[in-house]
Amino acid sequence: MSDLAALADKTRAFIEREVQPVDDEFDGDVEAAGGDTLRVRLQEAAREAGVFAPHAAVAYGGLGLGMEARAAVFEAAGRSLFGPMALNINAPDEGNVHLLEHVATAEQRERFLAPLARGEVRSAFSMTEPAPGAGADPSALASTAVRDGDAWRINGHKWFITGADGASFHIVMARTSGEPGSPGGATMFLVPADAPGVELVRHVGTQDRSMIGGHCEIRYVDVVVPGDAVLGEVDEGFRYAQVRLGPARMTHVMRWLGAAVHAHETAVRHVAGRRAFGTRLAELGMVQQMIADNEIEIAATRALLLEACRELDGGGRAARTTSIAKTFAAEALHRIVDRSVQLCGGLGVSSDLPVARIAREVRPFRIYDGPSEVHRWSIARRAVARIDGAAR
Amino acid sequence: MSDLAALADKTRAFIEREVQPVDDEFDGDVEAAGGDTLRVRLQEAAREAGVFAPHAAVAYGGLGLGMEARAAVFEAAGRSLFGPMALNINAPDEGNVHLLEHVATAEQRERFLAPLARGEVRSAFSMTEPAPGAGADPSALASTAVRDGDAWRINGHKWFITGADGASFHIVMARTSGEPGSPGGATMFLVPADAPGVELVRHVGTQDRSMIGGHCEIRYVDVVVPGDAVLGEVDEGFRYAQVRLGPARMTHVMRWLGAAVHAHETAVRHVAGRRAFGTRLAELGMVQQMIADNEIEIAATRALLLEACRELDGGGRAARTTSIAKTFAAEALHRIVDRSVQLCGGLGVSSDLPVARIAREVRPFRIYDGPSEVHRWSIARRAVARIDGAAR
Amino acid sequence: MSDLAALADKTRAFIEREVQPVDDEFDGDVEAAGGDTLRVRLQEAAREAGVFAPHAAVAYGGLGLGMEARAAVFEAAGRSLFGPMALNINAPDEGNVHLLEHVATAEQRERFLAPLARGEVRSAFSMTEPAPGAGADPSALASTAVRDGDAWRINGHKWFITGADGASFHIVMARTSGEPGSPGGATMFLVPADAPGVELVRHVGTQDRSMIGGHCEIRYVDVVVPGDAVLGEVDEGFRYAQVRLGPARMTHVMRWLGAAVHAHETAVRHVAGRRAFGTRLAELGMVQQMIADNEIEIAATRALLLEACRELDGGGRAARTTSIAKTFAAEALHRIVDRSVQLCGGLGVSSDLPVARIAREVRPFRIYDGPSEVHRWSIARRAVARIDGAAR
Amino acid sequence: MSDLAALADKTRAFIEREVQPVDDEFDGDVEAAGGDTLRVRLQEAAREAGVFAPHAAVAYGGLGLGMEARAAVFEAAGRSLFGPMALNINAPDEGNVHLLEHVATAEQRERFLAPLARGEVRSAFSMTEPAPGAGADPSALASTAVRDGDAWRINGHKWFITGADGASFHIVMARTSGEPGSPGGATMFLVPADAPGVELVRHVGTQDRSMIGGHCEIRYVDVVVPGDAVLGEVDEGFRYAQVRLGPARMTHVMRWLGAAVHAHETAVRHVAGRRAFGTRLAELGMVQQMIADNEIEIAATRALLLEACRELDGGGRAARTTSIAKTFAAEALHRIVDRSVQLCGGLGVSSDLPVARIAREVRPFRIYDGPSEVHRWSIARRAVARIDGAAR
């Protein structure tokens, strides 16, 4: 067995032994299960088990895996809703680690990246805004940062900011030039959560409950940060967002794929152990059809995912490939989990089995990280541009 | 406007004014919103508004509507998750009223039906059992009732018994002859909830939260009931279950149709009021496709529902028609609500809008009242039998 | 049995006895089967059987049925691909009869409607144009008619003109005011097929082969017609097209529903008579699922169709209802036939059974009479307008 | 550019220049286009272009590509319905070359494989039987071969035998032990097509028209072949069928993927060049959705295909992987082509564009090479066995 396969197996065993029982006991509700106290405990266990931070650089205590290598490990972690948190590969921290590794200065790495990679703190990625601000259409960005001497003064209104409650710092996207509706002119800022003017308005009451720190509504009211709070270059925020986005989409797919596989296996186990109509449920044709459709869509999701990961590992932006893989996966995983619910019958909508809670958690993935419709628009435009180009 | 249309309008106005605000405030969680206290208050308001108990006989304080007439009124009530409770047309009470009207003796009507129809008490219909008992396959019925002089002694284990917590009485299905796996030999019993040996084990933790009294696990341990507790004839329970089933399926469709229409209209209002990518969301083709698919499936659900209702009103058992309408509706309504969620974007998975909670509540309908797979099996067998018959 | 049910039964028996054998022998290829010679022979047989022209007024030798009454009879006729031709209820003649009954003058009726209703001649409805002319978007109408003294001079280029080869006259839609892209200003003209300047360019090679007279490309080059060739009022052509359209959509659904039901029953008979894997194919769950899905979608198509017919019989334009029914039906019927093909295995794609040919014929229905996408656009716009209206 | 990419490009250029024009002229009807005369001419051209027989061993004049390498080249060939024939990689010849390379003796290779690989002759694979013989369930094999001294006497009835008309030899599967219904006991025989007793009954009239030699019904009546006509070992026929099957499934996917991509690109070109409703069709959301869905499903098909090819190249049987890839591809390619038809509107169902004919040709792929239902049954059983195994 390869080292990688061994690591994936070790991760899976760790999840089943240490994490899944807590997930089951608290029906995937991370706050009920202890919140950051639970996080610290599980991360300590993961460190001991040698499966902590597979994505982070070795220098920061991680395992230094590339994208293709992450796939199997992240999928194993995703089998429990709390698994990614245990390995410190949850959104948005995992994507922020990736972003900071690519864009941050040495000082910023020391101050923000190192403790984040080690699990000492959490972070938030503060981009999405209420209408008419930046949502599916990022160019509508309305939050602003204006120079104030050497410093910057940030004002803005954000929501659906995952993990913001309890985060140590926010990466805030604000407009530094242009007007809402114009694509350019965004800048990223590293903003300490306790900076004056950072106001946590509320938790948006989303249906998922496994993400630590919730999905928050935030106001930035005259938040002043020094010049070295700029992440990368001024006005290059949208480009960095793309740097973060491709891999972040794929790690989302990895984690949710693990959850979907867990739902599927739970369902197969259920129908393999039940009898009705004089036969084992697993022998009934309509049941077999659902199982087979799950197997097919799991295989297709994995195949698209790995292809995109190889392209990313090869240095490509992989915008098209990751967009296709994300869109397919978000919809396929939803169908897989929905079939798993159906296969489990009444238990499928109960908390006696994990499938209902996985369904609850995976649904938003068709909306988060770009709704399927926006991805399809972008995929179609590329296809038409290819034909237009060939016609010239 | 016809009297019926006027009643439906009045019902809708009542729901929007008195019920929906509570639903919104408590995100459809009936216990959080007050449970039976809320029920009594809303039912009193419904009585004052003249929309209470549209299904019950006039003699019992109802409006005496037939099935086709109920469709529009129940749909209007279903627009809020608490609406059916307010009108006293919730499952299982509504179906139990129907069943008792058809099968109960005069004494049973006086004792059980009258207070139920008037909303003074709630009831449960106790049929479903944990594996290997009666689930999708009712012939697996394992609970037993044996004669004990003039009385009956009931033993059994049930679950997913909707509304059992707080119910005044249970209609319990128990085997009085034959063995599990043999289709015949079930009898229905009227069992007071406070009879010795009736044990509420727990609430099964289902994802829906709007059904008062929950979905409970119950044990009947040597519960003794007198001879006049038999509902209808001994050994005729499966036949009565069918009497209850056809209309109960259709009233489920009516109520959930109302919920789905509410989700759809919420979504249309959302996209009609938002702009992105330089246009109103409602002008985007992929958005229009979802809206149109919703409109089409709402129309198809209504058309199938009304056809089945007319057959029931004409005195037919309508087993095939209601099975087709239920199966189509359960799946179409789920798709309608899912598209509504998608149309609302991030808000669609939040409690800021009612769509996420409607999605949560409507999902189990593909499993309750016969999973889609069992209905398809039955529909297909009839189709093959028709061809076999024609071939003879 | 009602008179109507008796007529539908008589029609079905006639089709099975006289029409289906020809359809089977020539695999639904109307030209190979004899073209107009076959048509005349089958129509004579239909007349003798008392099932001819159920839609036409009694004065013209028809049975004078309304829309709802037509549904069962047209469906019975549609069971063979040649059935509608045998009853003289084929497109476009059937829709033209309807249009002429509503719009034509007494003289026009005598000259055009009477012989058409009696099956003495065939006709064409000449509206669709090659790009950039009138297609899915009728307002792009490019053909023109200009006054020339008391006469009109028509120039235009049309295609997909069903039945044009062998038609006695064309109803030609031409622009009499406005510019392509502006919605108004169309007029309908009754043009004899042998008028100078009417040029049949070719048959467009479409995949279907059952429509007599094919789908033709036509040029009108300085075709001069007298003033009384105008059908209805000048500049009212688009309105008349709508008069024709609603019912024509529904009779299309009726006919194709018959074809789909024939495919379905063929498939059920096939799986009921075959064994594999140690059982009858009809007992296999995945087979049952396809059968049940067909039954469900047949029922939903019928329910939507009848609802739209009742609205039309009540005098409504039924634009929304017929649009919904057409869109649902065109897609559902395609799926039904596709499942029927799949159920028949290898034979399903052969000419040994009628299912492959029905699949070939029914596919274009999702495009003809308005592509599904245009219907969805229109359905969505109405839904949004309803909300916009309510918001005011 | 890699050698492989260069070869794929060269193949595509060859197809567009030499093959597609003939395909277009004759609407994909290979007999109308010249049958074997066309084949010989196109294969000569392919040889000159250096793209002939990419799959065959170099010793036999081929290019010796492995499975993964074939994927891009076969896809390029599949862009025209006549492309695979031109490269000599059509079914069943291509699969027979593969089978003979793995199983045949040196003498059999010289006599049968060499001329087949060089395109001098064609062949048939004679396995499928009419009911109740071997169809979706191979164990029902009813044809028999009995020893007659050193020779074998074959009797059987086969149909859907692709390419049989004009084939030089048949690989005939016959039962040499066991009874129909028992899985074992099949043997493969190399039977010259002109052997006494080989009777071509008819062409089964299937909807596709691009496969040279058609799909034939054959009777073998006391056909006597010598002992060295046995291919491989006696009674090992089912095992060899599996050897042939995995790769043959994948090359089918490659070829049909090419056809589907050609349909898709045709459709994108169509909507990129047309205007309606005041915009380019390619800018309409519902059009973009279809384009994007095609792009996504093309990518998923390729990803699953390549994964299975790598497993085959690594020496695996890849039964599960190829079954998943085949099932997904057969259904996805059908949807892709169907959307392409829809995107082209009226032209989509005409012979003016290639999409209607591609739809006609690709439909049977969901039935040939194992219907989707049989693959799903097999995929589900493996999944359940995995869980059963883990539970032990």
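A, B, C and D label the chains in the order they appear, each numbered from 1.
Going forward, a contact is a pair of C-beta atoms (placed from the backbone, for glycine too) under 8 Å apart; a residue touches a chain by one contact, two chains touch by 3 or more.
Only a predicted model underlies this, so the values are computations on that prediction, with no experimental measurement involved.
Asks: If we look at chain A and chain C, which chains touch each of them?
Replies: B, D
Asks: Between B-C and B-D, flag the pair that has more C-beta pairs in contact.
Replies: Looking at B-C and B-D side by side, B-C shows more C-beta contacts.
Asks: What whole-Å value do you get for the distance between chain A and chain B if each is reduced to the mean of its CA atoms?
Replies: Averaging C-alpha atoms per chain gives centres 38 Å apart.
Asks: What whole-Å value do you get for the distance between chain B and chain C if each is reduced to the mean of its CA atoms?
Replies: Taking the mean C-alpha position of each chain, the two centres sit 41 Å apart.
Asks: How many angstrom between the C-alpha centroids of chain D and chain B?
Replies: 51
Asks: What parts of chain D, by residue number, touch at least two of the other chains?
Replies: Residues 284-289, 373, 376-377 of chain D touch two or more partner chains.
Asks: Any idea which chain A residues touch chain C in the complex?
Replies: Within the complex, chain A contacts chain C at residues 284-289.
Asks: Using the touch rule from the top, collect the residues of chain C that touch chain D in their complex.
Replies: Touching chain D from chain C are residues 27, 128, 131-132, 135-137, 140, 159-160, 181, 204-208, 215, 274-278, 284, 286-287, 341-342, 345-346, 348-352, 356, 359-360, 363-364, 366-368, 371-373, 376-377.
Asks: Taking the complex as given, what residues does chain B use to touch chain C?
Replies: For this pair, the touching residues of chain B are 265, 268-269, 271-272, 282, 285, 287-289, 291-296, 299-300, 303-304, 306-307, 321, 324-325, 327-328, 373, 375-377, 379-384, 387-388, 391.
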